[in-house]
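Next up, some structures in structure tokens.
Look at the two complexes coming up: subunit A is in both, with subunit B in one and subunit C in the other.
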Partner chain A sequence: MNASVPQEPGAAILDLWHPVAIREDLRAGETTRTRLLDRDVAVGLDDDGSPTAWLLTGAQHDAAATPRLLPTIAAYEFAWTSLGTPPEEIFKIPECDEPDRRNLATFSVGVHVSAPRAVENFLDLGHFPYVHAGILGQAPRTEVADYRVEVDPETNELWARDCEFFQPQAAAASTDGQMSQYTYRVPHPYCVMLYKSCPTDESRFDVIALFCQALSADRVLFHTFMSVIDEVSSDAQIRAFQTLVSAQDKPILENQTPRLLPLEVGDETSVRSDRASVAYRRWLGDLGVDYGVIPRGAHR
Partner chain B sequence: MLRLYDYLLSANCYKPRLLLSMLDVPHDLVPVEFYPGREHESAAFRKINPLGHIPVIEDDGFILRDAHAILVYLAGEYDPARTWYPTADPRLLGGVASWLQFAEGTADTASAARLCVNFGYEFDLEACVAGAHRLFRVLDEHLWFREQEGLDWVAPAAAPTVADIALFPDVALSEEGGISREDYPSLRRWTERVQRLPGFIDMPGVLPVAPLPYPPT
Partner chain C sequence: MTAPDPASLLHPVAAGADLMPRHVVRSRLLGRRLAIWKADDGFVNVWEDRCIHRGMRLSAGVNDGAELVCQYHGWRYSNRNGNCVYIPAHPGEAPAGGLRVATFACAEKYGLVWSGGSPDAEPPSIPALEGGEVLVLRSLPVNAPAALVLEGLAGYSFRPTAALGTDTPITTSADAGNPHSVTVTATTTGAESSVVFFIQPAEAGRCVIRPVLSAAPAPEERLATLRHHARALEELRAQLEDSSPAEAAVALPLATLEPLRSGGTAGAAGGRHPQLQVRVARKWVCAEGIAAFDLAPVAGELPSFQPGAHLDVHLPNGLVRQYSLTNGPDLTGVYRIGVKLVPEGGGGSRCMHQSVHEGDALDISTPRNNFTLRRDAARTLLIAGGIGITPLLAMAQTLARQGLTWELHYFAQSDDHVAFDEMLAPLAEGVTTYCGLSPQETGAELTRITRHYGPMQHAYLCGPGPMIDTARSIAAEAGWPTEAVHFEYFKNESARDDSSAFDVTLARRDQTLRIGAGMSLLNGLRNAGIDLPSSCEQGACGTCIATVLGGEPDHQDVYLNDSERAAANRMLTCVSRAKSGQLVLDL
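The block that comes next holds the complex of A and B.
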């Protein structure tokens, strides 16, 4: 025990799909450079218009060298790649296939924080009335009612259910405050989504997702995605809503210390409303995630 | 009604938003999606500003672009006391103009660093950060000497001027570009003073200041 914090990601992270570009931003004949897990990655489109990515290492910065192609897929308006051996398919969001859904990459921004800290913040209902006052919460209605957290034994995904919170402006299409019902789902160590009662259709849920691109252990591109039922708002209005909410989170995340998420129980004090956060930390540890975190038993 | 073509996360758009609020001028914000939509570069927006930049204002048919030009116009048109753009005192006015020019420098360094880190712009980040520190050091020293004279603002006047508004966003948002203000105590005290001005509004990334334990005098 008392090992130091690993500098290189292990298989639990290397073998995942990671977002590296908004699909719409990629143009034929153009290459975008980005970072993933502390490596330089180039992203472009192949002759069929499918995203393609390759690693830029040493000589491969030189255009003449043969690049090492990485596995690449397009999913949920993003291009995803992997530095290891990824599963055949990425996690499913079946709602996105409903014909009247609008699926949008809403806002992306660089944030100086680890991916797990960003996911943990996304799971936290308690910050709404403070960080997103007047939108996702409002003092004095700050109480987080109890909710359930479980790991789905079939998919090994983490879920938080029966979450409820009063929201003055739950979505771009909201005209009034509502008690919002939330279900959180963590299908990937660096990706989290929530299902939230839709202001325009009581029987269904809007999907809001955060896909973290880990640039390094303590820096992310904070990519947001939405799949909503909204016939009223323009794309720009939906994106403006998410832009405001994400921009409010950014300075809060950047002021968290340490930037890496401690997995050791007791390193940080949790209260009952942090049930999801505590379970997320345990779940990351059980998956063997060692990047963006301070593993159990490691000293800082 | 006066219209401001605006993007929430733009430091340059924040400047006219701030002055409009402080001067209590009614206005409409027209959102222009800078990121990811790049709407400011669209053909439709280039009819308003051929340079494809925000902010732009439209006031009763008069169209004006560029943050600092807009500040000068707003102060001239909507500040009857003539303190924000002090045309009655040529030396003071010259000083204000000089600090507006200085603020072009912070836009090219501190603000550019923020664009790299937040939105993946491919400027030379290291050079932007180093350039911002050079300017912040100069501004910090300048503000320290002002404080010794009992003066609170960038230009040597009792009241704030458009120079304070032009400089505030790049300074207050600098941490987003990786430029710490730890070493600039006078700069930090000045940002707090700006944040306590009547009509001050924040933007995402500008952390609120704690209330004073006693009412400001």
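The block that comes next holds the complex of A and C.
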């Protein structure tokens, strides 16, 4: 019935940059072990303080063996690596360069679900009043107004625009309910971000991102990142808000079956408000993503 | 001997005592995950533990007594048939027909809940458990396949309750009466008792033993009995798991568990044909000139409906009439309608009053959800005139059950004309009745009722034409936007003109039809083989709606509101025509 776990990732996933550590957590002279795509990976800092990562295979678990070095970059408060041939640069988030922004890695948690299920949850307005009641939504204000979904022909990124939802407390700095405007952007099969009207400056947008580290096909480390204009809240307050939201999603995601995301349109029932999710599934299929998903036509 | 197909039998899936009110229990049978819940009407639902929307486990959802609510996006599934009845992301729309969760057969016997197999399969009958009170012992999951477990269970040894604490010799005999249970009987001088072990085949290599003790012990002996068996069963489990060879645990093939088929869903079929047969389970006079009917299914479960829905009743005299359903989510197993006698009418109500009796069979359509209730309003006003109470009664009960803010204002000719007292009584706080008011007095009350409009408020009107007309214009003056005022007329009393002739192009078929004077668009479409569903066929109920892609419709219905008319993108094909010489429809 379900495609079996573990799966083997193809080039569409191997050649991507994947987050493997919070940059700030890395210490000179120490290595951190983690998993990526069902492999053991070590992460550390090189002599000039740049992150470095290498693959641990069999004998290489011994310090004596020569490690296979992996390409590594630092971006958006994380260290990223790749098991294949990654592009020269990672996707751009230009807002992060603005001088009055606060960029921070907010919260990471392990979730027993595939990365695509986690991304889809992040793209989903309809669950706010149920899963994040009192914060991101409030029953009975449950309507999801129509919004637009498009694939940018130049970058091949997926966008959902003109999203709007009633929120009782949309961000750490907001005090009462508002209609929040959202734009979603999916620049990477396992990464998604949203731009939402900033409660302290209407003309600008807060950026909240989810960077999924696929530990295996059906386990993920759910990293959140924020770039906000907020002079009021402390780092701890901003983190506490994101921690609460992610902690509410975790049990939901772990109770979804199957854990892998079905790409066949008819496998789950979609309504108009799911058009971002439907487009994301189609987009993953078109990119040839074969890991963390049940590919089209793979079963039944 | 060939073993019977395990899927054709019912298996135990839970103890009856596990089904606490407003709870959902998880179970597993033949590899399927099940969500089991009991509704307030006592019906036990055994469903696939998976929301059809995004795969969330329904056992993590909320049992509200009549509906199971998924925790992820709040989709609501109805007791009995598993139909999806509400999708909160789209509060103004009824869910498409045919959306339902997979449901399984269910029975209760010997204190256990049974499921699986075909709808007419039954739990086994065990002589030792007949004719006396039984005691369900603690269930025991074991990591061993069913066949091995049954063998091992024959070696169970225990003492009858009356012989506990003595050392009288016991004789034990085991009887595998059927392939899924074993009865172990212990006998000693003057005492005998049996334990029947039923096996729930959960998944390959894992099953749950569900023991039932034949004669329930007296209350004072209960604890000692339960302790005795708990100890004996724990020993048995250790033995079973030790002796189960590892390869047996993986090799056992599982039968597949087939869900029940749908009992029919609302709104899918075309035409104006009856889709269901019902029986008049009860008929009574519920107010002056109003007869109420409870219509029960002849077979299976009735399809779910939205509050505000109506159905077509095909009368014995050949007429087809529309009646709104009054049921809230608590009244299950029947459709309840109210019929007002109109002596000077076309004969429909007279036939229902005089010629339809308890026990009679009637053909009906499935419910049509064209008067949809939003459940996201900050405040909902329900305004009924006369028999117009029927759909609003269903709405009030739904809003009350969900704890939303609502008011029901009911205008009747006199106290004696107030219908459905017993359904109104529990709603009393929200209901105001107005009896015997003149049109002027009614207008004054409507002005008072509608005077405070606020964002996210909605009003629903149903009653005689003049009253709805008045209420709509009063509400508009008080600042209610047209989108916030929803209405249903009993009939279309406006003069209609079918003298125009026009062409209609069917965009999906690339075909053009000529509709001549005197022919309705609906009939023209039917002649061309396009069987749109229809119900009232006078432009009041909205069933025959079509999407307009081009041309200007000549609206002659009373279903669309002013902004929908102006948008000119939908029309009712039974009465509306074209102002332009040509229409383009999305058909």
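Some observations on this one:
By our rule, the second predicted complex is superposed on the first by the 293 of 300 C-alpha atoms of A that agree within 3 Å, B and C clash if a C-alpha of one lies under 4 Å from a C-alpha of the other, contacts with A are read in each partner's own complex, and residues count from 1 in each chain.
Keep in mind that, in the parts below, a contact is a pair of C-beta atoms (placed from the backbone, for glycine too) under 8 Å apart; a residue touches a chain by one contact, two chains touch by 3 or more.
Please read these numbers as outputs of a predicted model, since none were measured by experiment.
When the two complexes are overlaid on their common chain A, residue A:Y130 makes contact with subunit C while staying clear of subunit B.
In the superposed model, A:E157 lies in contact with neither subunit B nor subunit C. By the touch criterion defined above, A:D38 lies against neither subunit B nor subunit C after alignment on the C-alpha atoms of chain A. Legend: residue contacts after superposition of the two complexes on their common chain; A:S108 is shown touching subunit B, with no touch to subunit C.
By the touch criterion stated above, A:E268 is placed in contact with subunit C alone, subunit B being left untouched. Applying the stated contact rule after C-alpha superposition, one finds that A:K250 touches subunit B and leaves subunit C untouched. In the superposition on chain A, contact of A:D25 is made with subunit B only, not with subunit C.
When both complexes are aligned on chain A by C-alpha atoms, subunit A residues 251, 255 touch subunit B in the first and subunit C in the second. Within the complex formed with subunit A, the residues of subunit B that make contact are 8-9, 31, 33, 35-37, 39, 117-120, 122, 175-176, 178, 204-205, 207. Partner subunit B is touched in their complex by these residues of subunit A: 22, 24-25, 33-34, 105, 107-110, 112, 221, 235-236, 239-240, 243-244, 247-248, 250-251, 254-255. In the complex of the two chains, the subunit C residues touching subunit A come out as 33, 49-50, 52-57, 60, 71-74, 87-92, 99, 375-377, 402, 404, 456.
Residues 120, 124-127, 129-131, 139-144, 251-252, 255-258, 268-273, 277 of subunit A touch subunit C in their complex.
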